[in-house]
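Take a look at the structure below.
Lettered A, B and C in written order, each chain numbered from 1.
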Amino acid sequence: MRFDANRRQLLVGGAAMLGAGALMGRPAFADETALRLIFWGGQARADRTYGVADLYKAAHPDVTVTGEFLNWPDYWPKVATQTAGGNMPDIVQMDYRYIGEYARRGVLAPLDAYAGNGLDTAAIDKDQVANGTIDGKLYGISLGVATGAMITNAAAIEKAGIDFNPMGVTYDDLKAMAPDFAKANPGMVLTADGSGVELLFENWLRQRGKALYTPEGQVAFDAADVTEWFQIWNGLREAGACLSADEQALETGPQETTGLVRHKAATTFATSNQLVAFQALMPDTLGIAIYPMIAPNTAGGHYRNSSQFFSIANSSAAKDAAVAFVNFFATDPGAGKVLGVERGVPVSAKVRDAIAPDLDEPSRLAVKYVADLGAIAGDVPPAPPAAAGEVEVALKTKSQEVAFGQQSPEDAGPAFLDAVKDILNRAA
Amino acid sequence: MAVDNTLPASGATSRPAAAPASWWSRFWAQNGSGYLFLLPWLIGFFCLTIGPALISLYLSFTDFDLLTQPDWVGAANYERIFTSDPKFVQSMKVTLFFVLFSVPLKLVFALAVAMLLNKGMKGLPIYRAVFYLPSLLGASVAIAVLWRKLFAGDGLVNHLLAYIGITGPSWISNPRYSLWTLIILAIWQFGSPMIIFLAGLRQIPNDMYEAASLDGASRWRQFVKITVPLLTPVIFFNAVIQTIDAFKSFTPAFIISSGTGNPINSTLFYTLYLYQEAFGFFRMGYASALAWVLLAIIAIFTAFSFLTSRYWVHYDD
Amino acid sequence: MTTDVQRLTVVTGADDAGKRLRRKVLSVLAHIVLVGISIIMLYPLLWMLAASFRPENEIFSSTSLIPSSISLDSYFRGWNGLRVSFGTFFLNSFTISILSVAGNLAACSVTAFAFARLEFKGRGFWFALMLGTLMLPYQVTLIPQYVLFLNLGWVNSFLPLVVPKFLASDAFFIFLMVQFFRGIPKELDEAAMMDGCGPWRIYRKIMLPLSLPVLATAAVFTFIWTWDDFFGPLIYLSDQRTYTVTLGLRTFVDSSAESDWGGLFAMSILSLVPIFVFFLFFQRLLIEGIATTGMKR
């Protein structure tokens, strides 16, 4: 309980002051700083992260970074529990969906004071710095550029001999190419059903000049948009171009549940930094493509998001040391070499240049994709409002209702809009 | 501590004259050993359980997002639960359906197999171990994979059904059938109640069966007249525990739906909904209210079970 | 009745051969049924076993039960793949589970004895409360308990996982033992009391020996459930060197980054071994414990 922790924090604070006083009187003792770091990911990411921690320790022997990692579903309850108990680790990995929630509740430390003063923000891409800015303050340092992307089964697509343009495919293309694809790849459809993917929906809205949310955090689309969105996907489903309802419903989140990995569909809607992970799961050569356009040469849908951030706990007793480590992590070329593109394309140009020669094929593809996207990408949207995570869940459920025929797109449009408004109101 | 009833109630003739016993020493003489034996549990209860439980009750009247201080909102959470929460209704439906079907089926299987194994046939230890193996998998992430392998559109079950000419749907991802795959999963792990039944069966002395066969009683009669009555405490235990567990069931749905409760919330177990509210949407206050509603429901059911148990459960005391 | 017995012997003499044949057929049938059910029960596990021997990118692509090539790669990778070897996880899980067994057996049996056999004021009230602790979902007592243990300084150690067992926190086992204790005839207690035994001796000399089946059951379940528990370790253990097997298994798979399914399956199979062995060992006790329950009425 936070109210318990306040008393405890007082005690800890008092002890720290005493300790500091004692230290000052004994200059012979080296200042050993211990930083706690928590992040989500698998062993592959952990190895790289700890590799960077070791590098850092070599350069700064008085700082020890102790890491802890968990998989995505376990990570958030643990961080929330630790924070509720007043025991938040110094450095916490954040996601764009949650950083707003944590930042607005005051548990993350604002980093503006460190910009240019311990935190080399000039070396980081401007839009990446902006991504970590909530309500005007900097709360997180982006660790990788990521954008929406279709991961494609390049081998199956090539087999079908269709004219699939990874950087320019449209929704109409998907429908048109479906029959030829199905003929060449029996048992497989061309694309997954993306009607429940919030990133894709947002991308589609942006191409039409709309958005998910206004800067004030209100809904920025209307019922007619939602109806048309579901109608597009119903059309694709009826034409056999995308996965059927129950095939798509098998995809519950983990990569191995996607139609792509199960060889039921040739594409899946993911993000650019997942190409490497998907490739590891499949023998077929994979490719990467944009989210479909609504018409040829329609720009503005994509934007350069951040795959994840490192944030600093407001309760951390070693903020300066933590900032120094995060700075090293994000902008040091040596660290970048250890990290590769596992977390996404590096956010600092000098790091990108340093690692370019050593990339393997899937990594190279991912980096090239993000770079080429510059031409058609639009501005980064404002930070999502609180309860944005709930809207994402609601879209998924609603899309399943429509796909299984429980609700028509005409009814689903107003129903979904009402649901979103309820969610935003409740969170306000 | 049993009071020696043979002493005269006013008793004192055999005892030396002493000052009248104080309330405390009387209490201690009568209840002392009871409370001494209860001491570990009492310590645990007061130090580890009651505090957090009361705090969670308090939190149920607040708006608590885990990261900042709780905000008192009175009965607003409860009001919302009972009047304007469709997900509450849905999760209640899902959970009740699950309890209604998985518990009886699980118990029937467990008892049947336990009886079969109680015969002492050849290979008994192997069979017993085999039937218990699934329960060892517990909360493994691997279960989700295995279940999909069985019940997806192209899974093993549909392969087998194809042999007899049936084209099955994707059981695990179709909202009409997905809950059944979870019910089957619960039944698949019937090992625990089976072991308990076995232990209970084993506690029935063999000579009772011998005496009955000598008297000419058929096996069925023996089952009905000896086994079932003597097994009733164990049946009662298994029924109550399995029902409570089924109401609280979380991990299978969490693992198989990856925490979503989908397709279309058809696997949104009550505790899964609670978990989403607490950790997914930063509404721990609301989740606490949901928890106490669940506790009330389970408590009512359990009390009802205990009250009616006197009519069919046969204890030896 | 002699006449009945005579009739019985006459009857059995004539039908002996027929009865034996019928019994044999039934027994074969029973075995067939059992084997059939066993295959169904085991199929998911057999699939996992096969998958653990497959190369990584074939695990999800192929559907057959027999792997095209046997590779122990997943086992090596899984065992050493994490910075901390799986051997450490096994040791940790084992430690916690054994301690939990000790705690549960001691504390729950003592508590159950109080509820089942001792008369004291408020017994019904405490029993109801004890049952009540079974009904509250752990998700909501999680945070307050975490804060409690945090203030005690026990976080990031095994203490929050083990100490509650010694304080009879597992109401399931208390309830289970109560039901079993109530099945033991009270005459035995009363006879002992006549001999001047106090409750402690009754507990030790009568209750415990006669309850070996339920104690063995409690030991097996405690071990297995503690071994399989992941939420407790998730919240209270931060140092990877203190992780348990189930926690280690969960780090193999992460949907946002690369997963190691082969390693997961291989280590899952391996992790079944200790609990299975524990179970096999104790299931003998379950049977042998009956030898002493030849209770005469």
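What we mean here is this: a residue touches a chain if its C-beta (ideal position, glycine included) is under 8 Å from a C-beta of that chain, and two chains touch if they have at least 3 such contacts.
Just so you know, these numbers come straight off a predicted model, no measurement behind them.
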{"item": "Taking each chain's C-alpha mean as its centre, the one farthest from subunit B", "value": "A"}
{"item": "Chain-chain pair with the highest tally of contacting C-beta pairs", "value": "B-C"}
{"item": "Distance from the mean Cα position of subunit B to that of subunit A, given in whole angstrom", "value": "39"}
{"item": "Interchain centroid distance [CA atoms averaged], subunit B/subunit C, Å", "value": "15"}
{"item": "Overlap residues in subunit A, where contacts from two or more other chains coincide", "value": "1, 77, 81, 84, 253-254, 256"}
{"item": "Where subunit C touches two or more other chains at once, by residue number", "value": "143-144, 250, 252-253, 255, 261"}
{"item": "Subunit B residues counted as touching two or more neighbouring chains", "value": "55, 66, 145, 258, 279, 284"}
{"item": "Of subunit C, residues touching subunit B in the complex", "value": "4-5, 8, 27, 30-31, 34, 37-38, 41-45, 47-48, 63, 106-107, 110-111, 113-115, 118-123, 126, 129-137, 139-141, 143-145, 148, 164, 166-169, 172, 174-176, 179-180, 182-186, 193, 198-200, 203, 213-214, 216-217, 220-221, 224-225, 227-230, 246, 249-250, 252-253, 255, 261, 264-265, 268, 272, 275-276, 279-280, 283-284, 286-287, 289-290, 293-295"}
{"item": "Residues of subunit B defined as touching subunit A within the complex", "value": "55, 65-70, 144-145, 148, 152-153, 169-170, 172-175, 254, 256-260, 262-265, 276, 279-282, 284"}
{"item": "Complex contacts: residues of subunit A adjacent to subunit C", "value": "1, 4-5, 8, 36, 40-47, 50, 66, 68-72, 74, 77-78, 81, 84-87, 253-256, 261-263, 274, 276-277, 280-283, 342"}
{"item": "For the subunit B and subunit C complex, residues of the former touching the latter", "value": "1-3, 27, 30-31, 33-35, 37-38, 40-45, 47-49, 51-53, 55-56, 59, 66, 113, 116, 121, 123, 125, 127-143, 145-147, 149-150, 154, 156, 188, 192, 195-196, 198-200, 202-203, 205-207, 214, 216, 230, 233-234, 236-237, 240-241, 244, 248, 250, 258, 271, 274-275, 278-279, 284, 287-288, 291-292, 294-295, 298-299, 302, 315-317"}
{"item": "Of subunit C, residues touching subunit A in the complex", "value": "56-58, 60-61, 81-83, 142-144, 146-147, 150-151, 155, 234-235, 238-240, 250-261"}
